[in-house]
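Below: a set of structures, written as structure tokens.
Next, two complexes with subunit A in common: one pairs it with subunit B, the other with subunit C.
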Partner chain A sequence: MAGLATTFGSGAMTNSINEIEQAQVILAVGTNTTEAHPQVARRMLDAVDRGAKLIVIDPRRTRLAECATLHLAIRPGSDIALLNGMMRIILDENLHDDLFIEMRTENFLALRDMLYRVDLAEVEVETGVPRDRIASAARLYARAQKAVICYCLGITQHICGTDNVQSIANLAMLTGHVEKEWTGVDPLRGQNNVQGACDMGALPSVYPSYQPVADPTFRRKFEQAWGVTLPEQPGLTLLDMTHSGGQGAIRGMYIMGENPMLSDPDATKVEATLRGLDFLAVSDLFLTETAQLAHVVFPAASFAEKTGTVTNSERRVQLIRQVIPPLGETWPDSDTIMALAARLGYPMPYESQAEVMEEIALLTPIYSGIFHDRLETGWGLQWPCWGREHPGTPFLHKYYFTRGKGHFVPAQPIPASELPDDDFPLLLNTGRVYHQYHTGTMSRQCPTLTREADRALLQLNPADAKGLAIRQGEMVRLTSRRGSIELAASLTEEVTAGSVYTTFHFHEAPINRLTTAAADPKAKCPEYKICAVRVEKVSP
Partner chain B sequence: MREVLTTCVYCGCGCGVYLREEGGRVVGATASRNHPVSRGNLCVKGWHLHEFIHDPARLTTPLLRKNGTLTPVSWDEALDYTTAALGRLKADHGPDSLGVLASAKCTNEENYLLQKFTRAVLGTNNIDHCARL
Partner chain C sequence: MSSSHILKKDHLIPLLRKLGKAYRLVAPMQNRHGDTLFAEVASVETMALDLDHQPQESLKPFLFPQQEVIAAYEADQAGYALHPRYAAPPPTLYFGVRSCDLAAILYMDVIFSQRTREPHYLGRRHNTVLVGLNCNAPFPNCFCDATKNGPFSELGADLQLTDLGDRFLVTAGRAQGETIVSRWPQFFSAAEEAEIKKQYQLYLEARGGFQRQVHVDLAIRRLAEGMVDEAVWQQLSLRCQDCAGCAYVCPTCTCFTIVDQPRSATSGERLRCWDACTFAGFTRMAGGHNPVEPKKAAIKHRFLHKLKYDVEKHGRPSCVGCGRCLDICFGGTDIARFVELASEE
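Showing the complex of A and B:
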């Protein structure tokens, strides 16, 4: 999100999900949409049925790629080179939007000068995509009246994630594909409330609504509202906290509904850190791998047992409604937090979640018109929502960007943190499958989902498998510099030779013991999508 | 039988779902036909959204580690132990020795309260969640 915040001023989908089906050209970059965002994929495929052109940029031949007008199977990590190549062609063929660049953006000359130094022959080598296919993609996207770019973690989970996002924003601004309905840049959010957790300031450097903690004006605002003195220094990010090795600055942690033991990279280090803590409290529905290490475990009520709001990928704030009372002695997490606060001498006596939302509306400008009573009817409200009468905002950046003018940030290709060598000759990519979800805490308890997908599979190209004498379904050992796991091989052309792919849903094959914690320096997003590995037969 | 309109908890699409309740149990999930995202359709995870709710593996009581083993205790005991431990670490090592992970699976209200708790009560900005994962 750091990328879009710098260029546009808001790190969120500029459009609504339904707008995607009206686009003439859809550019899907680093998103396995049919598996991870089925409803968005449905809009894309509906659009294709109606004649829209779908361009997929992905190293894997995903189901979406099979439906594409044009699939650019790039070498992993070469997104910036490809996007710069597309922009160079757009510039050379005069397909850019002069008026938009002049009226709505700044710093174009820096981008132009950088693009004039891009060598298209080099781009072809770096990306592995023939020049004429790059040119076709550039022309299709630039010439469309209504064009959206959808991207996901295939873009952000790289050491150059922020630069990747900025390159996407550059492409959209260069062609003027931002300010309209059915036209924009849409990062797809992987969890039901990632957007909301960010909006609410569950981040080390900002209060709710992205108001920086380091800025004394905002700090005073929250000090007055909460009646306390607040810390001035931005805090540690998740990776800093979970990878300090147990002897770091963090001595005690409270983890609400997360499972870093499976979800965080280089998980052996996570385990050492959590085991080394003086105190760990975890709140969750199930005894997760993380909860098993805790000193105290709080049983949490599920979404069916509590009320509150969540914010989806298109910034739509919606209610979840209580259906049954909390099971057993479970509590909604809000009750646990309030009980802890009261015991520590700072009572937070809210009578309802609606009352919490009133305080959020007072302190969070983009939510200032969002109240539970307004959400009771209709289908939620899309932020920014500036007041009780404001209808919400289906698409962003009409007439002006959140930050004023869109800011071009030229980006140069950056090599991955780990490249294949003789010992670790293959590139590992990780992601999700349709039938499971994240670390499986919820989805693996669903019998129907488990029937469909109950174990981790390593996707391996048949050419690589042949060289290693590995047969379909055989158990293999997958090893990186950080760890080793065993899982079954699935031979498929979905991955190109030299690459393997698997998921992080299964604790029996904890793939994040292998991934690297090398992270983008600005967004601190780890490079889950590339690390060097080797595959061996498990000897009988 | 009763149907309650709510929002799916899996991905960021945010489908409108009716949960079906019978005799105090959630027994089914169906798509809202008019919700702008779901429009009568759900993915396989959404259609089976209710299956984990009553799973026997659900935690139903607080646990406290005693002699190395997680043991069922009362809420009071778990909360008292937690606040004593957090208070002691804060006094001995300063507020920045504490870290909090919020959740992209919890509500806005819970995330708001947790960051307020972290900043105003614990006295640190060490709060993050898995937005980047």
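Showing the complex of A and C:
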């Protein structure tokens, strides 16, 4: 979010998902698309069938990588070096788009000066990718007329996440691959409504529609609408809250539909924080590891039991409709919040979800033309939607960037917060599998899905396994500076020697007790993708 | 002997109203989101009957539900008790069934009555009346001509309808169909020679209306001769997303698994659920070994079953050419794609 907001002025997919199908070149960076975004992968594979070139940048040999024209298996955390290397080659071979740079961007000279200092021999060493393959990727991408970059958490969940994103934006602007249909920069969102949560201001520093808390004009607007005095300072970030150790200023928390006991990094600290609170309330569908620590649990209704909207990766606001009444004692979240607000002395008597949407349209410029009745038919509306007659916006930055001119922000490689050493010689990367969803709260209730995957597997390169005398399927102990867990080894060439990989779905092997809470200084997104670990046999 | 009658379109709804009093009525209807699905008719007055689009699902979910309670159980320290559950289904009339879905039902009849007769499916099936509808204009993904069970059907339905414009030609194929004609004779008149000829003309025209050329016979021959290259399986399996969408929409995929769903500490239900051979868990053994390596052969068994094993066993493939898996597949690894790759010399 922060990276694209600085360079383009808006932190969302610039294209629509369907446009990916028509691209000539697709550059997929840090995204295991087939497992995490199958509907996007479907478009990528369709594009490949139509003759598009697919370039995958990923340390692991994922299925997408196997379907790719070119797979660059980079060292984890060397994205900036690789992207700078590609840009240097584009510049050297005169493949950049002069006219676009002149008309639509600013600060190009800073980028150019930085690129002229990039040593391609060093890039090769740093990334582990041969120079000719970097050059092939650069040429394929730069020469295409219609090229999209898709990226995901492999880019953002690093200490240099914002710089990674800005490097991607630099590459797209350098070659003029923005502002058009079938051409752009597309961050893929991890859940059906992450985009919506950000749009609604579920971020510490902004109100809905990214209107800054610190700006008195916007603050007054919301104070007037809500009839309250609002704080002048931005709030705390997630990690500031969940890693305060329970002795901080925060004495109570209300957590909705989130399971930080498994999903947040350095989870031992999270547990200490939650146990140290005076009061904890949790809403969820099931009694999660987090809910088990709560003083009060609100049983929440599922998507099928309530009405509302979700906003997906491509900025599309869609209506979800209630199909069954809430089961048992569950309530829709909005009812819980309204009842709580009333008890706290601030009644919020909305009569319907449509009425809430009317308030969103009133206060959120990018949603100002979105009303429930418009969402009843068709496939929803893509923001920005400026009024009732506005048809929505399939792709962003037509004619000019949201912030005016695209701003080049040169980035230098930044080393990971924790690199392997003698005690912890391996790099741990974490992610997801196709058949489970996040901390398994919902997906582990389904017998078909649990039959597919019901335990954590540590992917380990056979060469590393041989040195440690570890056999396929054997239980191993995985240890970092912060914790230790036991899980089964899965020997595979999907990971390169020196790296291991596992998922965070399973409470039996809570991998986030090992991950580091070191985070990107701007976006505060933790470095889930790199930490140093060691693997040992579990003694018989 | 089959007999042919004429039903004027003006009298279709009145006939359905009468039928609705004698049977539970299921017909293809458009829901408020524009999707056409088979659904139980709640009211003939307000039903949005849609005979212009292919229903997105076959009749499989009605005759062989995705999830079905087959027993209740109680378990405590002393042991456990299993109480089979069986609910007698109401007599049901399915209206507007296309030839692909009819052929699929005939296939399921065989599957569920081999060796042990399966009571849940067969119970529903015996209480079923099928009213078929011939396809004058095949849909974009259809290839039932290649699987040789369409676009017109002469088998399986109690009454078979052909759209002649302002009227239907109605052929009574089985006893239940004759019963309907003789119970409500006021709706039917005898078909004339010209009308029967027109039906054949429409049949000929419909056969020329397919938009896809899927050479199923060629793939069957090459599979029988062992000529399909390993690389074909690998190429498709790598792209298979393991979602099982193909098996779930397939009108002839009948694999199921049985799971126990606890409802309390001491009791629960035994469910029969659809399963799919593309799932790794379908073949993985208790020790973790999987004889089918997902990335190399996840979809191999599926296509061998449809186009080789069933040809050997029943004399015809169990793909009925409905084309639904072409729409549902995430990875472009559907059966038409396989046939295309397998047929390449």
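Basically, the second predicted complex is superposed on the first by the 540 of 540 C-alpha atoms of A that agree within 3 Å, B and C clash if a C-alpha of one lies under 4 Å from a C-alpha of the other, contacts with A are read in each partner's own complex, and residues count from 1 in each chain.
Criterion: a residue touches a chain if its C-beta (ideal position, glycine included) is under 8 Å from a C-beta of that chain, and two chains touch if they have at least 3 such contacts.
Not measured: the values here are computed from a predicted model.
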Exercise for the section: State whether A:313 touches subunit B only (first), subunit C only (second), both chains, or neither. Expected result: first
Problem - subunit B versus subunit C as contact partner of A:66, first or second or both or neither - result: second
Problem - Partner chain(s) touched by A:451 [first = subunit B, second = subunit C, both, neither] - result: second
Practice task
Look at A:212 in the shared chain and tell me whether it touches subunit B only, subunit C only, both, or neither; answer first, second, both or neither.
Solution key: neither
Practice task
Scan A:287 for contacts with subunit B and subunit C and give back first, second, both or neither.
Solution key: first
Problem - Partner chain(s) touched by A:467 [first = subunit B, second = subunit C, both, neither] - result: neither
Exercise for the section: Would you check which partner chain A:46 touches, where first means subunit B only, second means subunit C only, and both and neither mean what they say? Expected result: second
Exercise for the section: Kindly classify A:347 by the partners it touches after superposition: subunit B alone (first), subunit C alone (second), both, or neither? Expected result: neither
Problem - Winner by number of subunit A residues touched, once subunit B and subunit C are compared - result: B
Exercise for the section: Considering only touches as defined above, state whether A:391 meets subunit B (first), subunit C (second), both or neither. Expected result: neither
Practice task
Would you please give the residues of subunit A that touch subunit B in one complex and also touch subunit C in the other complex?
Solution key: 38-39, 42, 434-435, 447-448, 452
Fill in the blank from the handout: In the complex, the residues of subunit A that touch subunit C are 34, 38-39, 41-42, 45-46, 49, 63, 66-67, 434-435, 447-448, 451-452, 473
Handout entry: Residues on subunit C engaged by subunit A in the complex (per definition of touch)
Key = 238-239, 241-244, 257, 259, 261, 273, 275, 279-281, 287-288, 295, 330-332
Exercise for the section: Name, in rising order, each residue of subunit B that touches subunit A in their complex. Expected result: 2, 4-16, 19, 21, 24-26, 34-38, 41, 43-45, 48, 50-55, 57-65, 70, 75, 78-83, 85-87, 89, 93, 95-117, 119-133
